[in-house]
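I've put the structures underneath this note.
First chain A sits with chain B, and in the next complex the same chain sits with chain C.
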Partner chain A sequence: MNIAVIGQPISRVDGRAKVTGRATYAAEFSAPGQAHGVIVRSTVPKGRIGSIDSTKAEATPGVIAVLTHLNAPKLPYRPHKGFTDPDIGERLHVLQDDRINHQGQPIGLVIAETLEQAVHAANLVDVTYAAEPAIVDVGRVDPVRPTMQKTDQGERRSPETRRGDAQDALAAAEVRIDRTYVIPRENHNPIEMHATIAAWNGDQLTLWDKSQWVSNVAEEIASVFGIPAENVQVISPFVGGAFGSGLRTWPHVTLAALGAQVAGRPVKVMLSRREMYYGTGYRPHTVQRVALGAARDGRLTATIQDAYQETSAYEEYSEALTNATRFLHSCPNVYTRHRIAPMNVHTPTYMRAPGEVSNIFALESAMDELAAALEMDPVELRLRNEPERDEFKNLPFSSRSTRECYRAAAERFGWSRRTPEPGSMRDDRLLIGWGMATATYPMNFAPAAAMARLLPDGTAEVMSAASDMGPGTWTSMTQVAADALGLPMERVKFTLGDSRFPKTPPHGGSMTMASVGSAVQAACLKVRDEALARGGANDLAEAMQRVGQPLEASANVKPGGAGKRFSMHAFGAVFAEVAVDPDLGETRVRRIVGAYGAGRIVNPKTTRSQCIGGMIGGIGMALMEHAVVDPRNGRVPNGNLAEYAVPVHADAPPVMDVILVEEEDPHVNPLGVKGVGEIAMVGVAPAITNAIYHATGKRIRELPVTPDKLL
Partner chain B sequence: MPGASSPAAAQGYRSAPAPLDVVLRVNGAEHRLALDARTTLLDALREHLHLTGSKKGCGLGQCGACTVLMDGKRVKSCLNLAALVEGREITTIEGLAQGDQLHPLQAAFIERDAFQCGYCTSGQIMAGVACINEGHANSPEEIREWMSGNLCRCGAYDHIVAAIRDAAAVTGSTRGG
Partner chain C sequence: MYPFALERPRDLNAALALRAQAGRNDAPVEYIAGGTDMVQLLQENVRRPEKLVSLAGLLDDRIEVGPQGLRLGAAATMAEVAAHAEVVERFPIIAQALLNSASPQVRNQATMGGNLLQRTRCPYFRDVGYVSCNKRVPGSGCSAIGGENRWNAVLGTSENCIAVNPSDLAVALVALDAVVEVGGPGGDRSIPLADFHRLPGDTPHMETVLEAGEVITAITVPADAAGLRSHYLKVRDRASFEFAVVSAAVALDMDGSGIRRARIALGGVGTKPWRVPQVETAMAGASLEPARLRQAAALAAEGAQGQGHNDFKIELMQRAIVRAVEIAGART
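Then we have the complex of A and B:
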């Protein structure tokens, strides 16, 4: 049977559940007798708890227990580091002592019969502090050398790299630019707030949790409570967005489990929107100096990137802030340095395209500044610096479709009609600007496992402990399984989001399709081969009828040696049109065209959704998003969805064009996929700010470009 | 600020607020509930009636994920106290389809892939149904304006607008106020 399901624009298999309200997210499970937990949080960024009095809270009707460091059980907190945890430092331990490490740190948990009672009682816990001077203002920290830098693949690498002599080359360059770019702290703000329901049965723990990595939640919580990981089952079939906030196991998960243990009944903890700014990570504030030197003909002779990012004082979170600079454009002399600014804040974490999206904003802004200085078309400048191979790793690219992306996107956009002078294009009184940027994101492929079961009736069940925070894992894995089994999709049931299923890597880094997809494919091919052999037939349905009993096969996949022979990344090009109101300083994005070379596309329908979603995310980054940190105390005064502005319907450009260029890459992984979730956001912000420069002649180097910056 | 104590709250901490008997009309059925007076319509739906299709994304009326219809008009259920909406006809996402027959907007959401994670989807659909009924679905620009109270962090706006256009064409939309 040959059914082409891979590459087809198939509607989501979980679509009906989502449009009828039947898809069940973490807080929506119902454990019998569950109580509600509300977290009490510190109101100082550093110091010790002087006193904590829960008498009033405990006397409140409906309150079952109030946990603080004074009465909470001591937890083993055995060592555990998941791939998504910072290598250096130690996670926050909750309710174990009187230390305050950051503003909004959990210092208590109120458990009550109803949510209303718990919220009320949490307000009645009286706390005094012995506050200590805190560093919460990133502008006043001297950055330091991190212990190491983690690449997207998790390799440790020196935070400083050199190729040639960039300083001398910059000094000798015919044309140079040397600028500093700033991106403020940004929050993931998925519409679903983080939530956990914890239920103990003896020493067995069930967690219904919002997570991008259920197996790691099980391992982390097992380490905290000192129990075997197999005693913890984590269930997370639907994730209401996360964008990285669900990659780590945050303190509220421990608190839910602790609360359930003390209360002797299941406990549900759902964070408030405000709490989402104090305990589930954020994209760190970054400051990046980029200096470029070039010959008059546009060829780069020197590239310097000196970047730093905020992190916490208790963990060294370090993201791939300088990786792309080393290979994106051809340049003989490159210097990159990555530093960190530790502060008394909670630890930042991966947020959609972590590292790359910030890196590329600075680099591609600088490239646009160089193009302007050279009076050269920005696309032409990039074409003149198109590398033949990865000059940092000294390896060929497994595939690189940048030229095709520039060509396809420029043509669709109508780039040839652009007049180069800033302010030269108008629509009545509005200033029109056209800008572009290159995009890239690494192809990540990590060990993954899946299990496939064929039933005598010719249907199949396939499972893996993967997640679906929105890209369409439920659907794409069903397609891969159906393709490998040679069955129609409706005869294949794929299930994810349970830590008892075969293990996967985290649902992030655009690696789910490559990793879980390859495992699903391998398990399905294996069980199909076995069925055909045992049934002695060429038709699977007939073979299974003859076998007459279920057959199972599991598969583990891991990367081969391709990473040693090739540099593997997705590439793309983003073009944007903005209209700037010269009197109001308001920028509207009118059109975005993105072209991507991301290997094989399993489902163009859901892929387009990912791509337009990344564009919307990039519009937020460019024009709106900024978690304001009060420099006196580390509070986030705009920590809600009215004041932390994110794009709404009216901000979406009328024209959003996604071009998926044909790209066959036999090296990256068995499926030939590169993933699109992250690259879709990379390059959007610089394309927009470069367009704003073209419209206004104003170069805004600090995001977001709010109206005040253009007046 | 997180964990701050509120003087107003502190005054009445000992008194047990008596539960209120509340009758809610949801999706054509009557539900008798004994509710804390502070219970919002959203929490009554989710925690007491186990109708979890209406989503909580902020509890502050900022995101629109909790949008339901009240007497046919869209409201944010997190901003309404349950006890104050007695006698009103509440329609949630669970009450939109006719049996297995999806509402045209639900079908259009699937066809247009007008969501990713699905968490804002119930609110988008309920607001979209109202947007069409109000006569505010005559052009993409108009839809974008009248749907701007419903946030989608996955950024599916383009597809949501297309789905509302499709459904408006099926169900009929007239220009209104």
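Then we have the complex of A and C:
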């Protein structure tokens, strides 16, 4: 029996549970006897706690305990760095001393019988501060050289790179562009808020948590409490969106475990929307200077990118802000420099397509400016600079489908009907603009493990400590397993989200299918071979009947040497149409067409869904998202969903076309997949802002493009 | 949230009596109707009543159109009014303003009376992490002045407060000369909507002229506001579910292709729903010629004061007036 399930548009296996409310998210679990914890947070960005008085809070009904640095147990905080933690610096320690490192820092935990009692008592904790001058205005920080730069692949590289002499080449260039692009801080704003329930049983801890990486939650919390990682079980079957906010283990997880320890009973801590702006990271504010030099025929002769991003004063978060510049377009003289601006804020973190999405906004905006200066079609400019190999690594690409992406997307979009002059396309009062951008994101593949178990009735159970924040891991892994086992999907039960399952890398960086998928495939092939051999049959069902007892196999996969021989990335092209009201400054996106070369596509239905999500995320980035950081005190005054605008249904254009170009890549990983989670968002914002330029002749270099910027 | 007792009185008089015990604003006793704004303010600790008096079932929720004009019971929901056939036909700008507000879920819950009493979206008012807000804590200062003020007002401001009144409905209603019917311990009275909200002045915490214990019972719109050519224009960063950056309500009484009388109000720019009589006067007798409209709309900027980030609103509101008049004037 060989059923082709890979490549089929299978509906989500967990879809019914989700829409009927039977999928249980972190805060919806309930541990027997659980109490509720509410975090008290600082209202100054830097200094010391002068006094903290919890007498009133402790006296209110239902309060079990109020923890502050004055009475909280001292925690071991043994060294631990997960892949998603910054290499330099040390994570925030909660309730261990009187230091305030950022606005909204946890300084207390109130535990009470009910949520309402805890919320109320938290308001009654009286705090005074010895505030100190704080650096919270990103416009006034001198950026510095980071200690090192960590790429998405975990490679450590100098934050400054050179190929040829970009300065001289720029000075000598026939055509030059030299501009600065700014992206403000953005927050993940998943619909499901972060929540943790902690329950101790002796020295065993169970955590129900919203997480993109359960194994690291176990290891991080074990290190904080000084217990073996195997004593901590983390359960996280469903994640209601995360976009990176669930990659690290944030202080509230520690607080839940600490609260449960002190209270002697399970404690649930759920963050409010406003707390999210101080507690689970964000995309850092970036400032990027991009200078391009070109010959009249459009060939790039110089590329300079000088970029910096905010980070905290206690950790050096550094993202891949300059990586794509080094290889995306062919250019003999390239200089990139990455710097950081440490401030008294909480540490930023990965947010969908971290680094690349910001990098590409600046680079592809500059490319559009260059095309305009050259009076050349933006697609043609890119085709003229299409590299034959990765000129930075000096390696061939394992596969690169940019040409096919440009062609397919342009054709679907109707690009040939574009009139190049800004303001030349109209719909009644509205100015119509068509813009495009290139997209890229690295193929990430990290060590992963899975276990497969065959049962005598011919069904299979497969498990891995993976996560599904929305892309459809439950479904796509079931497909991979069914394919490898040669079983119909309904006979395969895949389960994820439990740290007791075989370990996986973080559910981020678009690496889940490459890594976990390859492990699932390997485990399934292994157990199938064993069953067929031991059962002495060619049919798996028959073989298992003969074996008569469950068979298990585990597999670990890790990248081979392909990364040394090839440069491995997904590539794409995004085309957008906008309508701009020239009098009122409102921009609405009418169409987006994206074409992606992302290797093998396991499930075109969930992939398309992911790509549409990325397009909508890109609309938010281009037109509305902006966490305002008060330069006076580091607060985020618009820390709610009314004043921090994310796209709503009416902002999603009626046409969002996703083209998945055929691409076979035998080098990347056993499944031949590259992942689409991040690349889906890359290139969308510059395609939109380039379209706005085409509509209006106005080049807005600071996101988001709100009406005031177009008046 | 602070603990409170929820009172569910049997009738309006009992409700009035409960509320009358307390003072005027942010008193320990508050009314709650649809609760769409109140619950947010409770959750964020902005309001801390000891007692909430529920008006559920106590207020008129009828929508009536008769020879006197339109009467909206205070408990009618935004959704009911927006979908009411006669409202849509004779007072379309009201339905339009409502449908441009909030989301369907909120509109199903929120009431007419509550809409007029919703508090500002000024983020410094809503974040108790800011100590200074004269509206929240009288005398504490204003965090919006000198802060990020893109959301804030350019008209009717004072050195103590620049918070915008967030209602779309009120902008349309004030353009139509609506009247607020009020009941209270001292009896019933009628207040023109234009006089209902106060300017912040030195007392930004006092937002309306309601006396202690008074409750909105109905809103009336005179019959002569019916059948006008109208448009509610709302400019915002996203396409739906967002408060106005700038809005303009325009209702025109046309004389052929000329304007006999224009009624114009602005939202998103004023500390209260902002009528612009000087613009209306300049447009009376005018044609729909863009330059003429533009000239008249410029008068809206009289007394406007930007704070930096919101300077653009002074220009944008003039453009919004012109566009809304053009659209309304082109209707048949």
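FYI, the second predicted complex is superposed on the first by the 711 of 711 C-alpha atoms of A that agree within 3 Å, B and C clash if a C-alpha of one lies under 4 Å from a C-alpha of the other, contacts with A are read in each partner's own complex, and residues count from 1 in each chain.
Note that a contact is a pair of C-beta atoms (placed from the backbone, for glycine too) under 8 Å apart; a residue touches a chain by one contact, two chains touch by 3 or more.
These numbers come from a predicted model, not from an experiment.
Colleague: Given the superposition on chain A, which partner contacts more residues in chain A: chain B or chain C?
Modeller: B
Colleague: After lining up the shared chain so the two structures overlap, which partner does A:R274 touch, if you call chain B first and chain C second: first, second, both or neither?
Modeller: Touch status of A:R274: both partners.
Colleague: Check whether A:N189 is in contact with chain B, with chain C, with both or with neither, and answer first, second, both or neither.
Modeller: In the superposition, A:N189 contacts chain B only.
Colleague: May I ask you to decide whether A:R588 touches chain B, chain C, both, or neither, giving the answer as first, second, both or neither?
Modeller: After superposing on A, A:R588 lies in contact with chain C but is clear of chain B.
Colleague: In the superposed arrangement, does A:R635 touch chain B (first), chain C (second), both or neither?
Modeller: both
Colleague: Looking at the overlay, does A:T43 come into contact with chain B only (first), chain C only (second), both, or neither?
Modeller: A:T43 sits against chain B and chain C alike.
Colleague: Quick one: is A:T254 in contact with chain B, with chain C, with both, or with neither? Answer first, second, both or neither.
Modeller: Touch partners of A:T254: none, neither chain B nor chain C.
Colleague: Please work out whether A:H649 is in contact with chain B alone, chain C alone, both, or neither, and reply first, second, both or neither.
Modeller: Both partners, chain B and chain C.
Colleague: Contacts for A:H120 in the overlay, against chain B (first) and chain C (second): which applies, first, second, both or neither?
Modeller: So A:H120 meets both chain B and chain C here.
Colleague: Touching A:D708 in the superposition: chain B (first), chain C (second), both, neither?
Modeller: Touch partner of A:D708: chain C, not chain B.
Colleague: Jot down the residues of chain A that show up as touching in both complexes, chain B in one and chain C in the other.
Modeller: Shared contact residues on chain A: 41, 43, 103-104, 116, 120, 123, 272, 274, 635, 640, 642, 647-650.
Colleague: If you look only at chain C, which of its residues touch chain A in the complex?
Modeller: Residues 1-3, 43-45, 121, 123-124, 126-127, 129-131, 143, 146-148, 150-151, 233, 235-243, 245, 312, 315-316, 319-320, 322-323 of chain C touch chain A in their complex.
Colleague: Quick one: which bits of chain A touch chain C in the complex? Just the residue numbers, please.
Modeller: Interface residues on the chain A side: 41, 43, 103-104, 116, 119-120, 123, 272, 274, 583-586, 588, 623-624, 628, 630, 632, 635, 637-640, 642-643, 645, 647-651, 704, 706-708, 711.
Colleague: Give the list of chain A residues in touch with chain B in this complex.
Modeller: Listed in rising order, the residues of chain A that touch chain B are 11-12, 14-25, 27-28, 30, 39-43, 56-57, 59-62, 103-104, 107-108, 114-117, 120-127, 188-193, 238-243, 270, 272-275, 278, 469-472, 605-606, 608-610, 612-617, 635, 640-642, 646-650, 652, 654, 656.
Colleague: Going by the contact rule set out above, which residues of chain B touch chain A in the complex?
Modeller: 1-6, 9-10, 13-17, 36, 38-39, 43, 46-47, 50-60, 62-63, 65, 92-94, 96-97, 102, 106-107, 109-111, 113, 115-122, 125, 140-141, 143-145, 147-161
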